[in-house]
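Have a look at this one before I ask anything.
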Amino acid sequence: MSTTTPEPGWLQRNRMTITPLLFLLPGVLFFLVYVISPIIQSFNISLYEWDGLGEATFVGLRNYEELASDRAFEISLWNNLKWLALYLLAIPAGLFIALFLNQNVVGIRLYKSLFFFPFVISQVVVGLVFSWFYLPREGLLNAVITTFGFDPLNILGDPTLATYGIIAAGLWPQTAYCMILYLTGLNAVDPEQIEAGRLDGAKGVRMLWHVILPQLKPATFIAFVVTIIGALRSFDLISIMTNGGPFGSTRVLSFYMFEKALSEYGFRMGYGSAIAVVLFLIMLVFIAYFLWSMYREERAARR
Amino acid sequence: MFHKFTKAVAALALTTGLVTPAMAELSGTLRIISDMSNPAPRAIIEGLAADFDAMHPDLTVELEVVDRDAWKSQIRNALTANPPDVVNWYAANRMGPYVRAGLFEDVSDMWEEGAFPGLESVKGAMTMDGKQWGVPYTYYQWGIYYREDIFKELGLTEPATFEEEVANCQVVLDSGRKCYSIGSKFLWTAGGWFDYMNMRTNGFDFHMQLARGEVEWTSDEVRATFANWRRLIDMGAFVDDHQTYSWQEALPFVVKGEATAYLIGNFAVPHLREAGLTDDQLDFYQFPKIGDFPMGEDAPTDTFHVASNASNKEAARAFLQYVTSVDVQTAINGPDGLGQLPVNADASVADDEFIQQGFEMLSGNAPGGIAQFFDRDFPAEMASVGMEGLQEFMVFPDNLDDILNRLESARKRIYK
Amino acid sequence: MFPTPIEKRSRGAQISYQALLPVALLMWLLPLVAVALFSIRPLADFTNGNYWGVPSSFEFFTNYGKVFFESDMPRYMLNSFLITVPTVVGAVALSTMTGFALGIYRFRGNLLIFFMFIAGNFVPFQILMVPVRDLTVSAGLYDTKMGLVLFHIAFQTGFCTLFMRNFIRALPFELIEAARVEGIAEWRIFWFVVLPLMKPALAALAVLIFTFIWNDYFWAIVLTQGPDAQPVTAGITSFNSQFVAQYHLMSAGSIVAAIPPVAMFFLMQRHFIAGLTLGAVK
């Protein structure tokens, strides 16, 4: 295109390369400094014993060896798995509510917004709200279950229940998120296919499974992505609701890393980084999967 | 209260003005981060900051009050990343990590010059490696605070031995109440129980040996301590679900009379009064005797330190001198203030039932020795692992063997 | 439409559906309702154990007054605004540019850079914590709003770029080609052709980022402390320690802290949901 003008300058000739470069520069620079290079640095720091102040001592893989025999680390890892598995319940729960709300009655828009808005509240407030909800004496939960004749529970004080109690609190906003994804998805479902399904005699669950769900695939994919990320990022709720307790039973890797790295008893930046690296590697499995899916989509889109 | 306070300050301004003329020329900004976040202490530190600011026209005092339990995990960050001039902390071993990391300023020269008259007796708690690293501003007794009116109603008297304590507790339980309130969410309250059970069962010296890592957690002595403690747990003496509550959230049990006693520090008294308990309803006794040992007591000391990276050390040092001076000490520790004991020997101990009892107990009836507290006497990391185990024991006493083995392996690792 | 529209069902089904809706909503928001009820009670109700009965008096103004006039809450709220608004502006600006570059131009490494942004957006915060804290401290930005803002801008650029790039991809490319044929400079194409078309995306992204940043807690406690710079998510814990065990005040405080993003959501609902569900429909 640029050949139409006589004797174009260097800038003019290369504008299709220079322009995107200039546009990318600030964003990429910021991202490299604050995101990419810290990841590499964390890998490096995990090989050192460092209190964040003085000289760092190289210890090789010793931090990782210590992790292998660290009981708190083991508990954290298990709890992370619980989070991953149970957090996925947000997807069917979100779908269920979306199906329930996908109607055209008066005021349904307001209902949808009100169902959604737990997601907008910060996790800190969600954590506080739920820890009060669970309070053994003052909490509404026990007020409700004791009227039905059950024994009161102290969910956050019981090491076997506490993690589930926190996950339940996390599921609340996460389900709302999945719900909104599915509501949007349901809006775009092709009515002709539904009609075709009806003619074939499909109803209810069969219709959902064979006709609707395949069309909701993009929504499910995104719901899956955000839910996995959310599960592995769980930190706020634990910090607010139990602070890792009772006796360390609700720690997850993200929380344990923070505890170790910025502990009152001496910053252990190296050990903390080693925990972070483990968490990162777990996440990397999913990140790789997401990127792969997106890459396939990109290639399909180009064709 | 505030009136009294300003008068003391005015008097002080005159005296210090004569002693150290340099102080009048303080300028710039003095940044204080304080952990005195509960209502009564908060008023005190705000008053101190405002008055110090008023005393020095060229100096601006900036005060940041942070949550007391959160501060324990923030202090290191604060001292390294964006050091203020003055911070709050605790005496004895708890200073260790910051002294060793070079984050607290060495103020031995001030102690030597006699900048802190009247503080000779508390110098030891501020000393580490032969140097002094700050000043104390208050200390307080621990012991059993109980509902005098309920004791009367049940015909109980203050127990002197553990057997009497247990017998009393049975009567309390039979009346449909719990014996002890406790909120162990932030763990350290359980440390208080362990301190007393262990000091009484095995003596103060043994307790300190354990703190220094010289004896095993799996030893028979330590097991005896837990066995005594377990008697109370098995009776159902403690309030339910205490692991969910902070110490403040456990106060209503005492206020409402659902639990009759609370092993806690004297800082709880203003809260209990605020909640409506009168001095006729509330009383105090020393933790009763178990084994035949001289009684030792917990009396934690709270402190001020200058950050070694402070930008206005001159003003910071002057502030340290100011908070330890006689009049300020009398004013801030009074029953309208902290309701605790002054660190300055020349300051007057307030005419208050609880402060007086604590003062008498600590000066006359603690021949065993004075400990700081579990999380201040034990090295920080040991204390952290330890208190988690203590809380677990209180909820699941059957896990004791597992807990002790864990603590023992932590001891081996931490003390090296 | 799936499921079958309720108006095509029997009268009974319609009525029971209409009746079920408010009940379901109440159950869903129960924990929140509980907090709202707490926040208007007097202290006396808590001392008397009257947690769920009729409040003995209506203390809305007293309780919320305390939050606004007797605590650091207004300072924390202000901090939150001063952190959130610059971050929104910065992240949206940067990502509009990166999104434009990645969406319009074909060059080697385009997809690689794009994927770098996506992957970075997914990493756990903890892997960044130690170096980012270190960087912030050594730049003298620890415990400043600026320190938080810079990091947030950088990190949010990941998500925003994903969003913007996909949005720009969906624009009619012919417009840009037509502009090029006219000989319009590339930056003018960005400014006068592309940007006006992106208004809905800008709005959606701004609302989303506002909520994300307002609700951030982790970085707030890693990079700041105390009422000078801390946003309300972190400040609420010290507010709670000031009014410990006073559930009526703590509840009121939490509600106040939650209001700005909630208000933002209800005001900009269409944009918000458009932003959040981008990609859920293909």
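Residue numbering begins at 1 within each chain, and the chains themselves are lettered A, B and C in the order written.
Just so we're on the same page, contacts are C-beta pairs under 8 Å (C-beta built on N, C-alpha and C of every residue); 3 or more make two chains touch, one makes a residue touch a chain.
For clarity, every value in this text was computed on a predicted model and none was experimentally measured.
Judged by the touch criterion defined above, the protein chains are all mutually in contact, each touching every other. This structure's chain pair with the greatest number of C-beta contacts is A-C.
Averaged C-alpha coordinates give centres for chain A and chain C that are 15 Å from one another. Between the Cα centres of chain A and chain B there is a gap of 41 Å.
Looking at chain A, one finds that residues 52, 137, 262 touch two or more other chains.
Taken residue by residue, chain B touches two or more other chains at 77, 80, whereas all remaining positions touch fewer. Residues of chain C found to touch two or more other chains are 46, 49, 237, 240.
Here chain C touches chain B in the complex through residues 46-47, 49, 133, 136-137, 142-143, 225-228, 237-238, 240-242, 244-245, going by the rule given at the top. For chain C in complex with chain A, the touching residues are 1-3, 5-7, 14, 17-18, 21, 24-25, 28-32, 34-35, 38, 46, 49, 51-52, 94-95, 97-98, 100-102, 104-105, 107, 110-111, 113, 115-120, 122-132, 134-135, 150-151, 153-155, 157-158, 161, 180-181, 183, 185-187, 190, 211, 214-218, 221-222, 233-234, 236-237, 240, 247, 250-251, 254, 257-258, 261-262, 264-266, 269, 273, 276-277, 279-282. Chain B makes touch with chain C in their complex at residues 33, 37-39, 42, 64-70, 74, 77-78, 80-82, 246, 248-249, 251-252, 255-256, 275-276. Interface residues of chain A facing chain B in the complex, by the touch rule stated above, are 51-54, 71, 135-137, 154, 156-157, 243, 245-248, 262-267. Considering their complex, residues 72-73, 75-77, 80, 97, 101, 185-187, 240-241, 243-244, 380-381, 384, 388-389, 391-392, 395, 406 of chain B touch chain A.
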